[in-house]
Amino acid sequence: MQKIAELMRAKAVELLQSSKAERVLAWRAGEFFYDNAPAAFNDVDACQEIVYNEFCPANLAKYLIEATKQQKKTVVFLKPCDTYGVNQLLKDHRIKREYFYAVGTPCSGMLDVKKIKELGAKAITQITCEDNKVIVETPYGTKEFAKEEVLLDKCMMCKGNEYKIADEELGEKLEPIQFVGDRFAAVKAIEAMSAEERFAFWQEELSKCIRCNACRDICPACSCEQCIFDNQEAPVGGKAAADDVEEQLFHLIRAYHVAGRCVGCGECARVCPQGVKLGLLNLKFIKDINQFYGAYQAGEDATTPSPLVSYKENDPEAEEAVQRRG
Amino acid sequence: MQKIGVFVCWCGSNIAGTVDVAAVVEAVKKIPDVAYAVDYKYMCSEEGQKIIKDAVEEYGLDRIVVCSCSPRMHEATFRKCAESIGINPYMVEIANIREQCSWVLKDVKVATEKAIQLAKAAIAKVRFNNPLHPGQSQVVKRALVIGGGIAGIQTALDIADAGYKVDILEKEPTIGGKMAQIDKTFPTLDCSACILTPKMVDAACHENITIHTYSDLEAVSGYVGNFDVTIRKKARSVKADICSGCGICTEKCPARKTPSEFDEGLRNRGAIYIPFAQAIPKVPVIDREACLKFKTGKCGVCSIVCPNGAIDYTQEDELITEKYGAIVLATGFELIDLENYGNLGYGRSKNVITSMQLERLTNAAGPTEGHLVCPASGKEPKSVVIVSCVGSRDTSGRGKTYCSKVCCMYNAKHAMYIREKYPNVDVTVFYIDVRTPGKGFDEFQRRAVEEYGVHYVRGQVGKIMSDKEGNLTVFASDLNSGRHLMLNPDLVVLACAVKPAKDARKLASMLTASIDTNDFYVEAHPKLRPVESPTAGIFLSGMCQGPKDIPETVSQAGAAAAKVIGLLAKDKLMTNPCTAKCNEQICSGCLTCTNVCPYGAISGVEKEVVTLNGTREKRVVAVVNEALCQGCGACTVACPSASMDLQGFTNKQILAEVDALC
Amino acid sequence: MIYNYYPGCTLSTKAKELDVAARKCAEALGFPLVELPNWQCCGAVYPMAPDAIAERLSAVRALVAARDNGGVLVTLCSACHHVIKRVNDDMANVKEIQQKVNNYLGLEVPYTGETKVLHYLEVLRDVVGFENLKAKVVKPLQGRNIGAYYGCLLLRPGQVMSFDDVERPEILENFIKVIGATPVIYDMRNECCAGYMAVTDKNLCKEMVSEIQDNAADAGAGEFITACPLCAYNLLENAGATKLPVSYFTEVLAEALGLNEGGAD
Amino acid sequence: MVINNKERAEMLRQLAGTNVSLCIQCGRCSANCPVAWKMDVLPHRFVYELLNGGNVDVLLEAKSPWKCLSCFSCAERCPKGVSPAAIMEAVRLTHIRAQGNNKLNPADLENYDDKMPQQAIVAAFRKFNK
Amino acid sequence: MLKDAAKFEPKIVAFCCNWCSYAGADGAGTARKNYPANVKIIKVPCSCRVNPMFILRAFQRGADGVILCGCHPGDCHYSTGNYYTRRRMALLMSMLNFMGVAEDRFRVEWVSAAEGAKFAEVMNDFVVQITALGENVKLRDLRCKK
């Protein structure tokens, strides 16, 4: 990964110097090496601060909206999974192709520092990956974990190492993650519950929410000028009362809202400070859409219309669809 | 502060009989902003409207709620009333307390409570109503009539005579329709062809009429005043402009195994054929499925004998596009097939025939040159049984639930002209009821009995059997005498139910015209708008709307034409102002909405907009073409940011109703 | 698929030929019949009165037994088929009957018409397939003009029996073609033979059967086949001057399949 | 207890379980009945009397129900889905459900033709006896 | 306070498209085909105008049942509106099921302008169904776990 970071810096410098771009979107180190954050780099010097390691989960795609507005050609580094979000933004006409230069950036899975800490690693000083092992250095000694144990949940549903959009690719593609199981397993487990159990599950989950809006802010499909939740004219409007529709049904509405446009990146669940399993709602819609209307992956390309703005004459009726899911 | 007036109609006893209207008035008076409320016997009457107008003046009302019948009945009336006193017509809401309340409920307390709630919902909605102003759209001064039977021809002639261009679209190779097949017409017994063919010629010669025969409707888009239509002119395999209509090809064609549609299968026609002598256009057509040239590559006789070289085996279907302001459906009818009535022996014995076959058997231009014979033996019958209601008034699933309306009269006609020409032939009509309302109709039917000695037996036939020689045995009941009969007629005529043309449903889908479960087109109102489809700009003429005889069809054709003329006479149409509207300030320009608009009314336009921060910015936003938008609202739901809203049915209005009812 | 089989009372006594041939052919054609244990007589006539619950019980018991053993019930006698299929329809669609019967029987799992009732002919047509059957015919009955006699119960009411076109059936004619003979269509093939009048009004039977015999003979039939023992009885025993021979369709089937060799012919 | 005509008509309607109000009196039932020529009161009349006439005596005294073959051609070919056969059955049941009204004597069984199928005997005893 | 089950009168909102189902409801009225007063109709131009959020809002505000009626697929006055409706509502219904709330309180029915009798039948049936389910509390309680 360190090698990739070097390549990124070199590429950023090259593109800025050749005037192919005015700006670079990449990651900058945070307080610790494991809390890297998205950042914009406007000149060659600044580019030296670009970092890349197993702790760069954020998708930079959404920052391209600003680039498009400012009409500034921007270099953006995209991990394979990030490219789906870019395509979705293109499809939604929120970004324009002429204002960004996409550099495919290899990824072998991002790690979840929370998991590492939960497994007992304290005061982490260094983390290195070797094949499927993660070695964690702490003042109290070295700990070793299987990668599977400490990968981000979203990386356990990795879509592979292909870039769906890229002007060029940096270095060689890395081996795709090997622990990908059935991404709908958790959804199926809930489906198998009784109605009462399902209700109890969601009541438990959704009651944790503090309405911080992190889930919507991170989402590459949530890119409106003004969010419906902030629009008084919208059918969900009405901020005042705690018993309002918006308050009670926020997650259902949010998930429905991006149905057909959600690329399944898992970022919403990752950034939730309360650990609400809200990504399952998105996955449920993806599963239903695949099952009712045929396989569809949002962000696969920038042109195919979403299943919610298309139809077939022999689509299943609502009741039929629910039963068919079985 | 808003000033809402609520007007509660009794509709005589229709509403007041079940709803305590005074209680409704009292209840709504307590609602904030309701400045005035009153009930009256007939709000739609002039006196009722005056009450509304006076109240507006006296109380300075700015919004009106009428609790009355369905808005489909009188919304327009009350909107006009509001407009006449300076209130924007779209500031009116209707609470439907008749169809949805007094007519479906019996208990006064329950009905009154529901009426109050419906009134509350309407009041909740009207608070969010905004004045709306209809736009205008151009009217294309040309009409399309689909179907070239008597209904279509008459409609087209009436429109053309008024000075407008009109096209007739006919799927068969000739216009004329079913009336051309009929021998004589009731109640005058005059020759059908003699009165139809001059009209066919008129239509063909009319400078304002263009006829497309052997053609199908391929695609339709647009809306009232502006329909874009694609017509498929099927390949005739004969060059119409060169053909002289001499008919040599039709005589020489060696492939003669196809039953003639026009003669109801009573004789065969060639693969190249002209349906009948007076066909218009008199240009043959090659039935490619029957033609040896097309099937085997060998033959080509027609092309050899044609003196003009008009045969063209390579002709292809042609697609033509045209714009129309109005479309008339005149697609007519056909007889039901009798597959569910195997007990009647149709198809098993040639001597059991349909009424339409009888028309061809008695027609001088028919397969027997008008000699009535039994098809099996070729001999004149000695006795004929006519069976009414075959497949009509049948709710068992075998036939049609409705009365076909024309059979009683044509049965009398058939019986009469058999007796007229062959006084020795005994004719018995089995009937359930004889239904002959209409001018001179009952008199006509009575003549069959009184002057022509036709036997009318109240009863029905059961099984019809035939032996090896084709002799028929008919079991029947005679209800008036309580007897069971066994007869041996030589010919049985089945008065089959009529049904709408096969492609009626397909056309309804293409035109978004309403259609009922029997595939008859639905009129906008059964009494007050009988020749219009609920879809603006689509009109109905003839049997396609419901069973009717020729005089009725011709009247309806004229009525449909008058409606079309009324439409085409306008230069511009007021468009429905309840269109989608984009809030450009928050529109992100994602253009998801464009995917679901059936009219292509939304486009992305780069505009300078004021952002939410108050700054100006140039970006793409969705813009609705109000002339194209029909106001379905699909875009409002597709829009992720709720910047698309539907005027007249805004999110706020609908949610206000939801809140008021929950 | 398990082919639960309901022979009915007549097939185990007076119409053994119908039964024996049917079992033999079924075996040969790969759908061995499994006789329901402890079946009771269906009652021979469908009890039309909605309050006739007891009269429906034996049919329901057979249906339940079939449901619990794979869900298919094959019948052969037209009357049994008629009664069982109509009672099954009642159990599926007539709430009152469904409730009363279930209340009476006190089944562990209430019965609501789940069993699929198939006539033997339907199995031949829809499961074996006439084309496949044709391939197994070793002794085509060439030169025989056979009039299929449907009678009334096999076809009516059309909406419940949904067996074939109730006025112009063709299943037996197609069957006749498959076994190599020539079907003769005559008008009275789906008219009643006078049925149980055999017991009370022999003269009426004779009058009605004569008409059927004449009608078939006039159309060129040399013999009848039928699926109903009572039809067979009436056609034979109450015939007048015309007396075409009658056999069960399973008998001619066995003949065509070559299963009669060494049999008790 | 005296049961009036109206009540008896209602009892028959219940017992028949077919909706007579659908009847349009077309007479197809009577035309189709293969034994109509042996009947004193034709099938359509059985529907009519329960629908309008209320002359239940005519039905109860008629010989027709004892001629009816339950062949269902009347019901099958009724354009309205009414079953005159069910009314015939209701009339039969009205008779035989009353004590001592059996039409067949089990002792006669031995006189029956020995080829007579069980089916015929069971059927006849169902139709004519309680 | 728990309502007396026997006297429970459910609140039911019916969204009806103007061209088919609202006309069908008028037809039910004209033919005097009774259905309970519990059903209150909100007119929309087309079933595709009905935002799933409207339905959620109705439930959240106390509706015990919501039914959406439109033209039969293929017969939409606007050609394609109800096709979109069908997809939107299938996903909504499936999600309500997934969350263990109210999917059986929500129904989609296609009722044409000619089907007045069907309209009344559907409403009668729906009222029976909702009455049997009792008061709707789940959607309101979804985030109320203390």
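Just so it is clear, A, B, C, D and E label the chains in written order, and each chain counts residues from 1 on its own.
Just so it is clear, a contact is a pair of C-beta atoms (placed from the backbone, for glycine too) under 8 Å apart; a residue touches a chain by one contact, two chains touch by 3 or more.
Bear in mind the structure is a predicted one, so any value in this text is a computation, not a measurement.
Undergrad: Which chains are in contact with both chain A and chain D?
TA: Both-contact set = B.
Undergrad: Common contacts of chain A and chain E?
TA: Both chain A and chain E are touched by B, going by the contact rule given at the top.
Undergrad: Using C-alpha centroids, which chain lies at the maximum separation from chain A?
TA: Chain centre farthest from chain A's centre: D.
Undergrad: Pick out whichever of the two, B-E or B-C, is joined by more C-beta pairs in contact.
TA: B-E
Undergrad: As a quick test, compute the distance in whole Å between the mean CA positions of chain B and chain D.
TA: Computed from C-alpha means, the inter-chain centre distance equals 46 Å.
Undergrad: Taking the mean of the C-alpha atoms as each chain's centre, how many Å separate chain A from chain C?
TA: 67
Undergrad: Quick check: how many Å separate the C-alpha centres of chain C and chain D?
TA: 25
Undergrad: At what distance in angstrom does the C-alpha mean of chain E lie from that of chain C?
TA: 48
Undergrad: What parts of chain B, by residue number, touch at least two of the other chains?
TA: Where chain B meets two or more other chains at a single residue, that happens at 343, 397, 463, 596, 638, 651, 654-655.
Undergrad: Touching at least two other chains at once: which residues of chain C meet that condition?
TA: 166, 191, in rising order.
Undergrad: Which positions in chain E touch two or more other chains at once?
TA: Chain E, residues with two or more chain partners: 51-52, 54, 57, 61, 74, 80, 84, 88.
Undergrad: If I apply the definition of touch given earlier, which pairs of chains qualify?
TA: All chain pairs meeting the touch criterion are A-B, A-E, B-C, B-D, B-E, C-D.
Undergrad: Applying the document's contact rule, which stretches of chain B touch chain D when the two form their complex?
TA: Against chain D, the touching part of chain B is residues 343, 389, 393-399, 432, 458-463, 475-479, 482, 484-486.
Undergrad: For chain A, which residues count as touching chain B in their complex?
TA: 69, 92-94, 223-228, 231, 233-237, 257-258, 261, 305-306, 308-310
Undergrad: Within the complex, which stretch of chain B touches chain C?
TA: 339-343, 345, 348, 397, 463, 465-468
Undergrad: Which part of chain D faces chain C closely enough to touch in the complex?
TA: Chain D residues touching chain C: 14-17, 34-35, 38, 66-67, 69-73, 75-76, 83, 85-86, 89-90, 93, 103-104, 112-113, 115-124, 126-128.
Undergrad: Within the complex, which stretch of chain C touches chain D?
TA: 8-10, 13-15, 41, 43-52, 55, 77, 79, 152-153, 156-158, 166, 191-192, 194-201, 204, 208, 229-230, 232-233, 237
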